[in-house]
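Pasting the structures in now, so scroll down.
Both complexes below contain chain A, partnered by chain B and then by chain C.
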Partner chain A sequence: MLREALAELITKMADDELILGHRNSAWTGLGPILEEDIAFSSMAQDKIGHALALYTLLRELSGIKDMDHFAFGRQADQFKCCHLVEYPNGEYDFSLMRHFLFDAAETLRYESLEDSSFEPLRQLSRKFRGELKYHMLHGNTWVIQLGHGDEESHARMQGALDACFPLAFGIFEQGNREAFLIDQQVYPGERVLQERWLEKIYPVLVKASLNMPAPDLNPGTPGGRQGKHTVYFAPLLEEMSEVFRMDPETAW
Partner chain B sequence: METLTVPLLTEALQAVMDPEIPVLSVVDLGMITAIEILGDQVLVKMIPTFSACPAINVIRNNIRIELEKRFLVPVQVDIDPAVQWNSNRMSEAGREKLRRFRITPPEVMEGEWREEMLSGIACPFCQSHQTENRSLFGSTLCRALYYCKACGNLFEHFKPLE
Partner chain C sequence: MPSFDPRIERLHISDNSKEELLSHGENWNIYEVFHQEKRGARHEHVGGVHAPNPEMALVFAKEQFGRRKRCVNIWVVNSADILAFSEQDEDMFAANLGKTYRDASGFRVMDKINRIRSQKKEE
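Coming up: the complex of A and B.
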């Protein structure tokens, strides 16, 4: 029972990181300035590394065949990433805002896991903490800088926030084994994380002179966490797994 | 054949260099967490610096090859999940080697990483403190990009990691 519950939590975390890492890596070579090109490439690499660490944990828990097969060989409805990370990169404003909103949630999730009853998650959380601080500083700095840059940058950031914000609530969609995970003190649960997330992002948005849209405190239909994805996911998966599928058994 | 001792094995590991920073050994970086001699076999435990370090398997393999070549015994190298690397694990010798390589070493941290640590880094070319952080990221996961206003050089800084 605990094994399945942990697998549920770790799978969705790892899938979020893999898919967002994949999306953000597409900025390599296309960033608006060199430093941002490098920043997104570097953070994407971190994300994919975190996904690998989580899938490795999953292999020990669930006996999945191997991490590459799990990352690239599953069907779309077996992925448990949230809708926010599936969306195409859009323009830099969308990607930056998504990075800011998602990384704030991710940081809080790992912070909460530092007290997890499950030791391997405590270890991984301690490891990722220092790395995530750099991600957060990058996101916060740019959101504030562009939020009160000029008319255009402000309008773009507000538009990006309006687009990303409702999607971000999908991060906190509760899984089937949520109550059990909370009861076993694996983590405090999505509701608590969501509250902390709203408290964390609000002061930064204020500093950025951006209006936070009304929070969607009761998001409705199940989505990513149940394996129901947007129209963007199938083409993303096709592209991401293309090289792997050419020869799934080969050694890289 | 040399008698296996932990100090001897540690000294041998000084020959295993980081592929991205070739002046630093795995010992300088503080990547080795345990060396155990079990009969005529050796077990080495190691940790990556940054968790997504792409060189980890190369380094792991190089450790095994170097020790097996030198001591002619089976060597197993495992990743240690119980210890998390932080930049304080870098040795003073390692810091000096980095400076000479013109990458500024990570500040020794007391407690958590703070944003203030980004300022006042001494330029590895002219030693001026009139430097500014250009990017939190650089050519590898462990580096950030800096600019010296005094001498006009760009340089890289090994990021402090808690």
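Coming up: the complex of A and C.
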């Protein structure tokens, strides 16, 4: 019972990181500034590294065949990522804002896992703490910088926020075994994380002179956590797994 | 003639040299980056980044110069804040080699240390 619950939590976390890491890596070579291109690509690598660590944990928990197969070989409805990470990169304003909103949630999630009753998750959260510190520093700095830049940068940041914000609530969609996970003290639960997330991002948005849209406290179930994805997911999966599917049994 | 340097191109300096006003965030400076390999080691110059302000320079420098191998700290310093001699001033240092009395080579510190170490071993 605990095993399935942990698998549910870890799968959605890992899928978020894999898909967002994949999306963000598409900016490599196309970033607005050389230094920023490198930084953003580097953070995408970190995300995929997190996904790998989580899939490795999953392999021990649920005896999946191997990480590559699990990451690239599943059907679309077996992925449990949220809708926010599936969306195409858009322009850099959308990608930056998504990075800011998602990484704030990710940081809080791993912070909450530092007290988890499940030791491997405690270890991972300690390991990732330093990386996430930088991801947050990067996101905060950019959002504030562009919020204050000029009329265009401010308008773009506000537009990106208006677009990303409702999607971000899908991060906190509750799974079937949520109550059990909370009861077993694996983590404090999505509701708590969502509250902390709103408190965390608000001061940064204020500093950036951006208006936080009204929080959607009762969104209809987006469905990402149940395997129901946006129209963007299938093409993404197709492209992401293309090389793997050429020869799934090959050794890399 | 167009420059290869994107920082200059960004300024749109035209041939008739009208005064151009830069808006906020458009004037990017170079920041020299120093990284420290481990606690207590000296910060070493590793290169530069360009950024609109020191905070962003630090954010960039972390990933340009602190994303692989050992690193515990990074400094960024606005290049314009660094005061230096010019190449022509090399002659001020030319006579150094003739002033060996200024070297510290007379202090045989390692000999003393090794002697103390071997004394301690015998104890």
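Methods note: the second predicted complex is superposed on the first by the 251 of 252 C-alpha atoms of A that agree within 3 Å, B and C clash if a C-alpha of one lies under 4 Å from a C-alpha of the other, contacts with A are read in each partner's own complex, and residues count from 1 in each chain.
Heads up, the rule we're going with is that a contact is a pair of C-beta atoms (placed from the backbone, for glycine too) under 8 Å apart; a residue touches a chain by one contact, two chains touch by 3 or more.
Remember, predicted model here, so these are calculated numbers, not experimental data.
Asks: With chain A superposed, do chain B and chain C clash or fit?
Replies: Chain B and chain C clash in the superposed model.
Asks: Applying the document's definition of touch, where does A:145 land relative to chain B and chain C: first, second, both, or neither?
Replies: Second partner only.
Asks: Looking at A:161 after the superposition, I want to know if it touches chain B, chain C, both of them or none. Which is it: first, second, both, neither?
Replies: Neither chain B nor chain C is touched by A:161.
Asks: Taking the superposition as given, does A:64 touch the first partner, chain B, the second, chain C, both, or neither?
Replies: Neither: A:64 stays clear of chain B and chain C.
Asks: First (chain B), second (chain C), both or neither: which does A:120 touch?
Replies: After superposition on chain A, A:120 lies in contact with chain B alone.
Asks: Applying the document's definition of touch, where does A:38 land relative to chain B and chain C: first, second, both, or neither?
Replies: both
Asks: A:50 contacts which: chain B (first), chain C (second), both, neither?
Replies: Only chain B; A:50 stays clear of chain C.
Asks: By residue count, is chain A touched more by chain B or by chain C?
Replies: B
Asks: Answer with first, second, both or neither: which of chain B and chain C does A:133 touch in the superposed model?
Replies: In the superposition, A:133 contacts chain B only.
Asks: Counting contacts the way the document defines them, which residues of chain A are shared by the two interfaces, the one with chain B and the one with chain C?
Replies: Touching chain B and chain C on chain A: residues 35, 38-39, 42-43, 134, 137-138.
Asks: Enumerate the contact residues on chain A facing chain C in the complex.
Replies: Those residues of chain A that touch chain C are 35-36, 38-39, 42-43, 134, 137-138, 141-142, 145, 148-150, 153.
Asks: Touching residues of chain C toward chain A in the complex: what are they?
Replies: Per the touch definition, chain C meets chain A at residues 23-25, 49-53, 55-56, 59-60, 62-64, 67.
Asks: Chain A touches which residues of chain B in the complex?
Replies: 50-54, 81-82, 84-86, 113, 115, 134-139, 141, 145, 159, 161-162
Asks: For a test of understanding, state which residues of chain A touch chain B in their complex under the given definition.
Replies: Its residues touching chain B are 35, 38-39, 41-43, 45-50, 52-53, 120, 123-124, 126-131, 133-134, 137-138.
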